[in-house]
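Written below as structure tokens is the structure these notes are about.
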Amino acid sequence: MGEIFVLAEHRQGELRDVTFEMLGKGQELAVAMDAPLAAVLLGHNVDDFATELARHANQVVVVEDERLEHFNSAVYQQVLAQLITEREPGLVLIGQSAQGMDLAPSLATQLGLPLVTDCVGLEFEDGQLLAVREMYGGKVSARVAFKQANTYLVTARQAAFPFEEGEPLGGEVITVGSPLTEEIAYRRFIEYVEAAVGDVDITQADVVVAVGRGIKEVDNLPLVEKLAKAMGGVLAGSRPVVDAGWLPPDRQVGQSGKTVKPKLYLAVGVSGASQHVVGMKASSTIVAINKDPDAPIFKVAHYGIVDDLFKVVPALTAQLGGS
Amino acid sequence: MLRTRKFVEQYDLLGCIQCGRCTGGCPLSLSSPLNIRRIIYEFLVRDKLDIKQMPEIWDCTTCSTCTLRCPKGLDPAMILVGMRRVLTEGGRIKPTVRDALESTFKFGNPWGRGKNKRSDWAQGLNVKNLAEGGFPPKACPEQGRRVGGDRGGAQAEILYFVGCTPSYDDRVQAVARAMVKVFEKAEVDFGILGNEEICCGSEMRRLGEEGLFEFLVEDSLEIFKQHGVKRMVTTSPHCYNTFKNEYEGLDFEVQHYTQFLADLIERGKLVFSEEVNKVVTYHDPCYLGKQNQIYDEPRAILQSIPGLKFVEFDRSRERSLCCEGGGGRMWVEASSGGERLAETRVKDALALGAEVIATACPFCMLTLEDAVKTTGAEGSIEVLDIVELVAQAIST
Amino acid sequence: MDIVVCVKHVPDTTEAEIAIRDDGRGIKKEGLVFDINEADNYAIEEALLLKEEFDGAITVLTVGPPEADETLRMCLAKGADQAVRLTDERFEGSDGYATARILAEAIKDMDYDLVLTGVQADDDGSAQVGVTLAEVLGIPHAALVVSTETEEDEDRMTVHRELEGGLHEVLEIELPALLTIQTGINEPRYASIFGIRKAMKKQIEVLNLDDLELAEEAVGEAGSRTSLVKLFIPVVTAQATILEGSPEEVSGELVTIFKNEGVI
């Protein structure tokens, strides 16, 4: 089988975690498929990244171009289409991220390749690649197979594959020419903007108390706010709570919000959908209060209370000496 | 822009003499810009009204004090509902209202909860399910209603219509459970519809979703027919009012549970063995009192409970101060701030020396309990449904 | 501005119990309540807002069974002008790619300035159809859109894409283009029952495979590039230590845990 490509994802001067998660999985598959692992890095002045990536891959393929300074899926697609056509990798891993979701399906379609998205599992069994992904809000999992092709495309869910620092692979860094010629006029990157800037940075807090749809209405927020205060923590929320306008966007924890790693994460009335979990699963201690014993949050929590938050939260606040 | 002429004709507004008794009795007149007399005036003198610019029409709780007081027999509360109909049918409603309506259509309750969880409150209670083994009708968009379905098993004299709020709200579920305890003690032959029970639609109509109301009426009538319902007792005065007065084609007796229990007590079928030594006042729910003149039965029940000391609010019976829970207000924030009426009520109760505010409506219960918390009176006074007090007075 | 919106009729699974069919290739639909896919609801609202600003016609399409008419009627009630349902037994088993091909066949000869879809479907969560559709149609795209601004001459839009960490990517895109719309971009309006009944007067055009210039091999399992092997209920590996007892008791335990973790 041809080599394994992992598309390195970076933004604003940092390589994103999903890159290393995919490289970790890539190394495992490289052994199973007996194929070399190459990190693919598109960018402008990204030598530092290349050096870092070389520790985790057999080769780092760099495409250097000013036009690749900021992610633009149209530009990335042009470059990757060329690269994949030339080198015919057996498998291409891209993150199921804001970048990957914008890029992978159109790239796959342009090249006529099978694509399975948002994978949480990927195995090479009896010469066949099998992907595992979730459906119906995480309640059901699916095993998916690919139609025969020379190259398979997979997007990996963020924070689904563990990454452990191993022995550096000492890959060689090679720079290939950029195939970009004209400017792409039909889609132009303008700038990045912060969605909202508030007074509290939830990523810096030791204690985060997050509310989900379980609090039912905005009038019930003060109840949880009191608890957060009694614990010396900050109030955060899942996406539905922010969408409803009950909390400002800078309090959102999850894939499209902030990623937090506090000492204690207390999830109150949060179901634990994967997009939320991705933003908090690295917390040292996770405690969940939810009425639904089947709520996915209990899969990631260390401690769980299956009870009515409207009873537990006041009781806990009282025990902590809050009023 | 609403053309006023049709409205004037439809609601007979030319009969209005602008006496102001409506606004004069409106419980919201001090805290909201809502002025129904003025609104009627606008309808009479203008060709068009921009009702989108009148958010106060959503403050109305449909307590119907105005209707009761109007010397010309007009129904000002329904005029406001009529205005809401125009907005709701045009889709221009607040997200909270939208969510409640969509939830009712999809799940048969405005609380966003699953149909399959409606009878969870009764787990472990062994209540007869009149719909057990059957399956509910399915939505048929072409006909705009649900069709099919199959009747289930058990039979009973009385259908206990629980209601959406007692079914799903954690606090009010205790009321439903107390009801079961009391019915069992009095050896009442009753059953519930379980997960097949759907919203009575009262609030939906008052939020202006007449189409959804009609939909629910058709569905419920079908469900009642399928399961051979001959008599009904409700937890909520809202359900009672709408089934009794607004469901055309409903041909069996409907009572609010206070009527039913008062009768049981009078006939000696419900006997008290425990004392409830509390000072209790009673808050008349608008939909029980003002709108259906049921004032005596709740009092008769309370006054027959041994040890209970009953004290009357100054504003009682038809003057009862609306708790602001009806007319869709559970899903609408007041358009202006200030003291909520329920908070005033709690303060009045405390001044009376009451330890308990008794009521007989799930919305009153929730708004009054909220007010107990927001006025900092937790620990000094509690809110209980009449049936909960009754349950305390019978041995288990 | 003429807009095409692709929507999906999906089951609401939040509180529902999901059971897998005996053949393991789907879930049991009995007792499930269906509705428009959440992100698609935001997409149709975005189209309606654009129509209010720029006039034009909205065509809403879905690939689905006859029951999907419920969702199409709701879109018509809200203000869409035309609705098309693509239904055929031979579409069964279509993956994201094949589904996009079916939609593209129906859309390609329409006059449109903008195609909107939701970011992903609540049932499969693949987030593939929208972006794939753009590529098949040969138009530019942007995924995860949380705000749009249209230029005076309506030939370009400035859109915000939602990135991780509360960041937005601002880009300019030429029309006609396809945008996948993220939840929270607007506040969807309500479609009343009367509104939906009135919309019954508008015809829903139903097309099957024979009405499209598409070979049988291009749709269904044959036209898909991936195939579902089997559905299963995931085994819960990591499990929380569940604290039992009254709210007071568990609170006491929690405070001890908090102290041990050095949090308080």
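Lettered A, B and C in written order, each chain numbered from 1.
Criterion: a contact is a pair of C-beta atoms (placed from the backbone, for glycine too) under 8 Å apart; a residue touches a chain by one contact, two chains touch by 3 or more.
Computed from a predicted model, the values in this text were never measured in an experiment.
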- Just grab the chain with the largest centre-to-centre distance to chain C, centres being mean Cα coordinates. B
- Item | Innermost chain, taking as reference the mean of every protein Cα atom displayed | C
- Pair joined by more contacting C-beta pairs (B-C or A-C): A-C
- Message: I'd like the Å distance between the centres of chain A and chain B, where a centre is the mean of that chain's Cα atoms.
- Response: 47
- Note on the structure: Here the gap between chain B and chain C, centre to centre from mean Cα coordinates and rounded to Å, is 37
- Item | Distance between chain centroids, defined by C-alpha means - chain A, chain C (Å) | 21
- Note on the structure: So chain B residues touching two or more other chains come to 95
- What residues in chain C touch two or more of the other chains? 14-15
- Query: Can you list the chain A residues in contact with two or more other chains?
  - Reply: 311
- Message: Residue numbers of chain C touching chain B in their complex, please.
- Response: 12, 14-17, 31, 33, 35, 67, 69-70, 73, 78, 187-197, 200
- chain C partner, complex, touching residues on chain A are 11, 16, 71-74, 96-98, 101-106, 108-110, 113-118, 130, 133-147, 149, 158, 185-196, 206-207, 231-232, 239, 242-243, 249-250, 252, 255-259, 263-264, 271, 284-288, 292, 298-307, 311-312, 314-316, 318-320
- Give every residue of chain B touching chain C within the complex, in rising order. 88-93, 95, 97-98, 101-102, 105-107, 113-117, 139, 141-142, 144, 209-212, 214-215
- Task: Note which residues of chain C are touching chain A in the complex, please.
- Result: 11, 13-15, 18, 20, 27, 96-97, 100, 119, 122-132, 134-136, 140-144, 158, 160-174, 177, 180, 182-184, 224-234, 236-243, 246-248, 250-252, 254-255, 257-258, 261-264
- Sort out for me which residues of chain A touch chain B in the complex. 217, 219, 244, 308, 310-311
